[in-house]
């Protein structure tokens, strides 16, 4: 099977790290096709950025959808997820949503730990958007926004473990999600130091994309799909998808 | 005061109708500055279209923000609302949100009546996004999607009144919102035939925009604003706003 | 237009302060007609007091309703609001409700800061009554109930600012309501010291009353109105309203 | 023990019927002391009427509280309940609340069946006020408001049974509450015709009042009690209670 | 009347204490028939243990149901409650549920105080299962699990009072439940030291069982009852109940 | 990897069908180890039966846990799921929960269609237990309970398709779950006739079990695990697990 791993951020190094994790998990079950945004933002961290980047993600998916069995939107916060699910006839998975729903099968109360307080509001929104707000024990972050996001996983390792331990002991979490692309790959390294199940969102998302693809579900003909619509100024591939002219 | 009325749809006739209503309400209290999208869709009707059109709306606002006291996003469904509120330091009002919150001061249970079942999911989402889902009695629409959206207000007048009356008698609504830009202006015409308060969303939105502007609130310096961010490929005015380079 | 500003507390000085704010906001848009209760309590601070004072408010409104375009119940806690909305055919606005719904158009999470822990339960109830409990970040107050309620705005200014800053940094609020009539007028003074939008409830309520009146909605004929009822021992004007004998 | 049965309606015949049921249930466990309102309304059926009648109920309780072990507010809709609970140091029980909480120990989903659509909104409010809205399957009533409220139990018997059966088969209720004082005593008569547990609210309320009194709980000294307050124009006994001058 | 007091724990001393309280409360109104589990666990403290013990409780009830008017499941956490309610045609009451619903008639926000953090998740589950999660202010416990559960009420008295006082002052509780069978009987001893209503769950449960029995409700013929079913390996009495062969 | 497929029903034919589906999905990724209950019920259909069967499932898992990478509880309704998750240190998946969470990644509103109204309450409970009640559009079933459960998939095929189509058109579902073991395998056959995504719970559950196992999460050392406990009368393997004596 063929999985599109769409990074709506412009940072190639993040795509590379996530692709490595995805390929390690997929083995020979799936071909991972990574894409990195060429417009937009180096690292999405707000609703305004997600509004724009979600549209960019739609265009990236539309252009590469041929022959694809499932799509991963590889940014925690899931820009464009609901929109993509509406128009493409393959499963589309978001990192935050997949991590949260996977967590819901492993425990009762989930927390997110991440590297910056800047992300708190957006990440909390993502959990509530799944409908699982009642099982959410909150986001734990350092007090201040540090500069070196790219190396957060290594530079902040000890602090992140401490935050995760407090999520367990003070907030009652039994599953902890290490959220945000810069922390990709950290979960298995620190799991032994945290008395809860620890989830790596990119691993969860890629695993769920393969799972949904393996179920060979029929997504064509859904009553909920938008009617065909003309458009102006969109990327040509996306314009064709929305006009129901493209094979999706 | 100066109110930006941003229509993220490309249909100029809708903008014209809404501008007339806005000016009738504003009198000499406010100058209404209408804008119509020149890219995107003739009439937004899905989450995918709203994802793209919300980004377009951000660009339109950014280009015309100088000297503006409040912004109305003049499409029921509020594309780009949360994002715009985050980055601009003036009040930003959405048609759906303003109609719903206005309704909440006039009754206990609100319904939306609109011209097509295609809009149901998206409109219901808008109500839930406000947090007032528990006071929502649902969306009532004709069974099928008709062709002539532009003239829905006149062609479907009797059917819309019947739907509104059923929203009252069967769903328990005491406030009815006539949702969707094609129905702008219909509410005062039919209010006498419906045993509930009937709201015109564009009127509610323009009135709320003037209200918020009149309160002379301080929006600069909010802790919730995103940090400055570089970007590639965005409309220049929006790029500057997001980089904190523009006066907003 | 003519706005009735009904203070169900017996403290004339509060009415005077709120009337000044209302008139400053209304300019020549509206005539503000203030009323102060002559029975009941100097300052309502509990559900039991609100039960009694709400009935008193109904009587005050009934006696002065002729020619009125909208009513403000000028006590945070909104005694009698739901009841008044049911029987009078003009918009009725409460200070707490109007502040909360206005806040909901300016941010995502709202907090209330007030001068005494005695108010906490009642104020929290008011937010939940709007249906927006999920967007409520709590009430912050000093630890103890101080004696000089009348001068709380000036005597406790620094402490209230500190509480509001904690509502932002610890509770995640992006809008702060300074609740309680004794704090009327404080919001614009301290807004620059608080990294969130700061709302003065009396300003929000008067602005919303004028907004609703300006929409020229039809409230007569609502299906939700109580049937005519005889009564014994009520203020004559209220008795006539409830018997459907009075023009309202 | 001594139970105050406070009817905030002015209809003596209702008080008599409810007193008979209460005494039948109490046997020699408790003395039932009935009170009927002498001001207010013959039969409360709206929020506005409940606002006024709740204040009347407070005065009635205050005047007769000496030596009382628990209070029943004997009107479905519970006017004044929260207020009374706040100021009196004995258990106070409402007919609607007691019926709903009793129902919650007998099944999973509860419905209310009553004699008039006029009551629907108010009764639904009562259920939601308990916090058990998620277990509420709705109110079922005849389509129109009939004239002869006093004899509803006998005249409408067959229709009420049909409504209750539909609450079970269509709404999924496993407990049905026959709401409204005119239906007092009907539940045991029709229980055999309805495939669910059928509750008589006055029986539930009196039973719960005796239950709470039997637990010999300490209500004095609660931190949630309002501070002492002066008042003007209240019934003297109530004024003393609110001023903390009366023994309660 | 005859009340079955079923302790699904194997600790006879707990049964004895609870039986004493039950008999003190029942006086000559009811005969209390205590049962103690002879298989299972000394003291249930987890969902896994409750899964097993709930099945054991069903068997105990089935064997002794003849002539019984109501059943108390005498373990906080209510193992088997929903299942028992489904199959037996007499009221079945759980200690946690009865305490929570009784609390809901005495105040607005309830907390649970117990002797060990091990119970927190399970007890919180019990409150949410009633549907009253929105009125729940949380569980307060000592930081660590102590060894001597049997004597917790006396050994930890001071600490439990402190926890209860913090539940009031910090969590806003106005009713405190002392949860867990080892604390049976403590509530009346400490009520004077806690500024809230303090509830003893076994007293609440026994009182509610007698209350429900006194209402002489008809539970036979409920549409929600499971259809008759054959089984293998169950205690014979339970097998007959589930096969609809036994008189229940 | 090794997946335990535990059927807590006693019907071998169901186990065989589900094992075939599981093996078809697993291919050479996983060994499927099926177990069928030898005590309990032929087909679990109520809470009381689930209470007993959940305990039986715990014993079955405990006896066969050695070398297992994940467990599927192969009964819609998930008897014993929460309990099993608490005590075993491998992922445990339930058919209902897995179907619901999988559905949540494929659409916005999910419905369950099943073969008998007898299951409605229990299945609805399962959805709410996941926390996703707000995205639940209800259970659709035939009006009456038919006799031939074993052949429901073939005998009721047309009726089930009609019910699913109504779940889409009337309830707004965009994902439909065909619930209950007798319908295993039907989903792919009828998907083309239903304008929504159609899910087979056993396929979803087995796919999720393999997914969770593939993530190689660390479940040992979770703070939420119960403390070691002695027991009497349990299956020996389960007794050792609960006493922390067994390797799990």
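What to note about this one:
First chain written, first letter: the chains are A, B, C, D, E and F, and each begins at residue 1.
What we mean here is this: contacts are C-beta pairs under 8 Å (C-beta built on N, C-alpha and C of every residue); 3 or more make two chains touch, one makes a residue touch a chain.
What you see is a predicted model, and the numbers here were worked out from it, not measured in a lab.
Among the remaining chains, B is positioned farthest from subunit E, on the basis of C-alpha centroids. Between the Cα centres of subunit E and subunit F there is a gap of 29 Å. Rounded to a whole number, the gap between the C-alpha centres of subunit B and subunit D is 44 angstrom. We define each chain's centre as the mean of its Cα atoms; on that basis subunit C and subunit F are separated by 52 Å. Subunit F has residues 82, 108, 121, 134, 224 in contact with two or more other chains. Going by the touch rule set out above, the chain pairs that meet are A-B, A-C, A-E, A-F, B-C, B-D, B-F, C-D, C-E, D-E, D-F, E-F. By the touch criterion given at the top, residues 10, 38-42, 45-52, 54-55, 58, 80, 82-84, 86-87, 118, 121, 145, 224, 226-227, 229-234, 238, 242 of subunit B touch subunit A in their complex. On the subunit F side of its complex with subunit A, the touching residues are 25, 29, 82, 85, 91, 93, 97-98, 101-102, 104-108, 130-132, 134-135, 168-169, 174, 188, 191-192, 195-200, 203-204, 207-208, 210-212, 214-219, 221-224.
Listing the residues of subunit B that touch subunit D in their complex gives 108, 134, 172. Of all residues in subunit B, those touching subunit F in their complex are 120-121, 133.
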